[in-house]
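As structure tokens, here come the structures.
Here subunit A shows up in two complexes: once beside subunit B, once beside subunit C.
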Partner chain A sequence: MSLILIILIILIVTAMMVVFSSKLIIGAISLALTSIMITILMFQLNSPLAAVFELSICAGLITVIFITTISFVKPATEEELIVSRKRRLKKYIYLPVLVAIAGYLVSLAIRPLSLKLPEIIQETNVRNVLWNLRQVDLLGQAIVLLIGVFGIVVLFKEGRKK
Partner chain B sequence: MSTPNMEVLKIFIPFIVMLIIIGFYYVLMTKNLIRILLGLEIITKAAILAIIVAGYVTNNMAMAQSLVIIIIIIEVFVIAVAAGVIIHIYKQTGSVDVRSIRNLKG
Partner chain C sequence: MLALFILIPLISVIILNLTRFDFIKKIACWFGLLLTLVQICFVLFVPLDLLSSKAGFFGRYFSFNLAADSLTKIMLLTIGIVVFTAILIGQFTYSDETKRFNFLNLILLVLAGMNGLVMVTDVFSLYVFIEIVAVASFILILTYKDKLALESAFKYIVLSITATLFILLSIAIFLLISGDTSFVAISAAIKNPQNNTLVMIAVCLFLCGSFTKGGLVPFHGWLPDAHSSAPSSVSILLSGIVIKVTGLYPLIRIMDMTGGGSEPIKQILMVIGAVSIVVGALGALGQNDIKRMLAFSSVSQVGYIVLAIGTGTALGIAAAVFHIFNHAIFKSQLFANAAAVEKQTGTRDMDKLGGLASKMPVTGGTSIIAMLSISGIPPLGGFWSKLLIVIALWQGAHYTYAFIAVIASVITLAYFLSFQRRVFFGKLALGLENIKEAKFGLLLPAIILALLTLLVGLFFPLIFNKLILPIESLFKW
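Let's turn to the complex of A and B:
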């Protein structure tokens, strides 16, 4: 349990790093670190399949998409970076305090809570759930994938015309 | 009497709330479109963690994992399309600031 607690604290620290980083690329890499922490937590909570997806897609593919997008955008000059760093500190200085207070209040509020949790272990095979129980979801997912592909094709088509 | 699963829930919930607050604060305060996407990602990660913890607590990991897989795949497409839109906005306006896209031309 102490390992989970340490990883959760690192998770919050990496999420803070995303917010406080003045360079976008450092923000994107910090987000990948956040994903890796969530992957470790998923392994700890007996969900290896979701953990593998999280690691390969969220820490890998999404970071690549972010870095590609950042590389298309003009990098900030040194002067702009210094100005934005000062502004950023001013803007986000209250965030760690706010987060700490919110975390403390929530932990206080849920301490006396005692829910009755179900003891029945339902379907344990992910494949069965995915292909037999959640067929409608898969259909929705396929439609979303199709829309995503069309969106990307349309965006790149317009770029080619110019 | 609280069960071990209940203890896990009590440890995770404050951190999930903290993660959601970080994401929302970031999305609300920043004016850079790429940073807004980063904030959106943080909120999604909090949601994913909440689903996994809920699955663990209710002994229904298979359902939670299948949900998380679906969320991750949809998330990738949202990010990919949003990144494409941001690149186009940058090509049109020369900036990734949200204030630069105030003037809609109809």
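Let's turn to the complex of A and C:
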């Protein structure tokens, strides 16, 4: 069994744990584990730059924010957890089966196409496209930041006033 | 100069929030209206060459890679008109000053996002700006935070994220085959027959994303809920322009990149378009809530646009763009009428309304113009765009689709006649005896848009020369 296959299986398990776990903290940690698996995959696929970003932002920064937020929230009681666990299981039990069927169907659909992937483009070229030609996206990021600020104001601050 | 269309709304939001004077909040909406008016005037009166000139302060220091052609120009104009209407309606429907101020800030950010979306020359930037509009729309839908709004906003964001995931996947494939994300490079790579299968997969993924954003059947689940639970001004924005800019405009660009699309792609577009037309129209027939009916009607009208794009001909795409413009005008007007009715009567349930034409003559009169235009009655704007769509279908020998388009127009007329009878005509409903016409501020957008619908219809030869022919010449592959 190749390393990539093992990582993919762990990735699916951790991703499922995010959905199935009834404790927020376990969900957040599982998400971080998923990101770590993606990071290893990216290293394996020769994309160190993307891997570093995935590790530092998705596995690191976002997990810290999640855990900080969760620490402010009143934890659920044991009874609530049991009820929530049952409800989640009932709701999402079909998810792994659906994922497996969808994966199988996609692989069946793609197989006869006999895809010929083009030659790998020089890494510097892709890097240039993804990082150096992105001045207009800076404007986009500034807009997204402001929307985030107004989102917090509209969704949380206005409600608290009431 | 094009960067100003993004920078001015962005800087305005920052300035509005940095100043601490109370009167700023009071005049903020008027300032927003002024901004959109300036945008409309700029697009109408400044020539395209000057508009896309790279000279000036920003051109010297930044390379934003923005471009404008006739399609961009008409989209910028439509964005300006719809955002103007939405702000005007918002000014008179939000009673809380803070809510109104936050709404204005968000709508200016959406304006910047949509302006950017129609000017970028690169699929990755297109994705960034699509996301901007989606996130801001999510927050705008949630303004009232009741259960229905929360549910519909959640539905919208989940489907929207799925759609962007599809778009991102297709961008990754485009990057793989072309080594670049610019429209020009992708267009060149697509011409290489070796990439046929990959291109097909990428385009199909992109279509799934665009269909969800545009609210086409079977990806339309979010649209009726989101449009009906959002405040009226936000419904105008969503139905009038957001679904077109995030769903249909990228579709036109993709068709342009693929040189009119391959035969299977055209078939997918036409089938989805035709199904949306019929399902949307039948869905609208069974509604009691005015805004929900208008939302289903949007699904149907967007179907017409996709059907026209699916012809893959220059005339088809020009007709689609013209219908985008017309639909933005008459649908914004119908939502403005719905806002006036809701504000005065306190309900949107058509079963509780009736005979309002005598009490609200201006609202009733303007809604008739919009109704006739959306149903394709001559000589209004909607008639010409639908006629062009049918001609494009006929020229491409798609006779069945042309027939569906004509028949669905009759269904459109049927549900709008039912709407008129249940809301404005018939016996005056109980409890509505003391209803008065809405405030002038709420009527103004409806009057302006009704006049615009009339003018577009009456001066069609001029519109054809100035608007449709330049767009048609863009898509001669």
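Here, the second predicted complex is superposed on the first by the 121 of 162 C-alpha atoms of A that agree within 3 Å, B and C clash if a C-alpha of one lies under 4 Å from a C-alpha of the other, contacts with A are read in each partner's own complex, and residues count from 1 in each chain.
By our rule, a contact is a pair of C-beta atoms (placed from the backbone, for glycine too) under 8 Å apart; a residue touches a chain by one contact, two chains touch by 3 or more.
Everything numeric here is computed off the predicted structure, so don't read it as measured data.
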| item | value |
| --- | --- |
| If touched residues of subunit A are counted for subunit B and for subunit C, the larger one | B |
| Which of subunit B and subunit C A:Ile143 touches, first, second, both or neither | second |
| Partner chain in contact with A:Leu3 - subunit B first, subunit C second, else both or neither | neither |
| Which of subunit B and subunit C A:Gly103 touches, first, second, both or neither | first |
| Contacts of A:Leu155 with subunit B and subunit C, given as first, second, both or neither | both |
| First (subunit B), second (subunit C), both or neither touched by A:Val64 | neither |
| Partner chain in contact with A:Leu89 - subunit B first, subunit C second, else both or neither | neither |
| Contacts of A:Ile26 with subunit B and subunit C, given as first, second, both or neither | neither |
| Partner chain in contact with A:Gln135 - subunit B first, subunit C second, else both or neither | second |
| Doubly contacted residues of subunit A, that is, touched by subunit B and again by subunit C | 113, 115, 117-118, 121-122, 125-126, 129-130, 133-134, 137, 141, 144, 147-148, 151, 155, 158-159 |
| Residues of subunit A that touch subunit C when the two form their complex | 113, 115-118, 121-122, 125-126, 129-130, 133-137, 139-144, 146-148, 150-151, 153-155, 158-159 |
| In the complex, subunit A residues that touch subunit B | 1, 4-5, 8, 11-12, 15-16, 18-19, 24, 27-28, 31, 34-35, 38, 41-42, 45-47, 49-50, 53-54, 57-58, 61-62, 65-66, 68-70, 72-74, 91-92, 95, 98-99, 102-104, 106-107, 110-111, 113-115, 117-126, 128-130, 133-134, 137-138, 141, 144-145, 147-148, 151-152, 155-156, 158-159, 162 |
| Interface residues, subunit C side, partner subunit A - complex | 3, 6-7, 10, 13-14, 62-66, 98-99, 102, 105-106, 109, 112-113, 116, 120, 122, 124-125, 128-129, 131-132, 135-136, 138-139, 142-143, 145, 175-177, 179-181, 194-195, 197-198, 201 |
| Residue ranges of subunit B in contact with subunit A within the complex | 1-3, 5-15, 17-19, 21-23, 25-26, 29, 32, 34-35, 37-38, 41-42, 45, 48-49, 52-53, 55-66, 68-70, 72-81, 83-88, 90-91, 94, 96 |
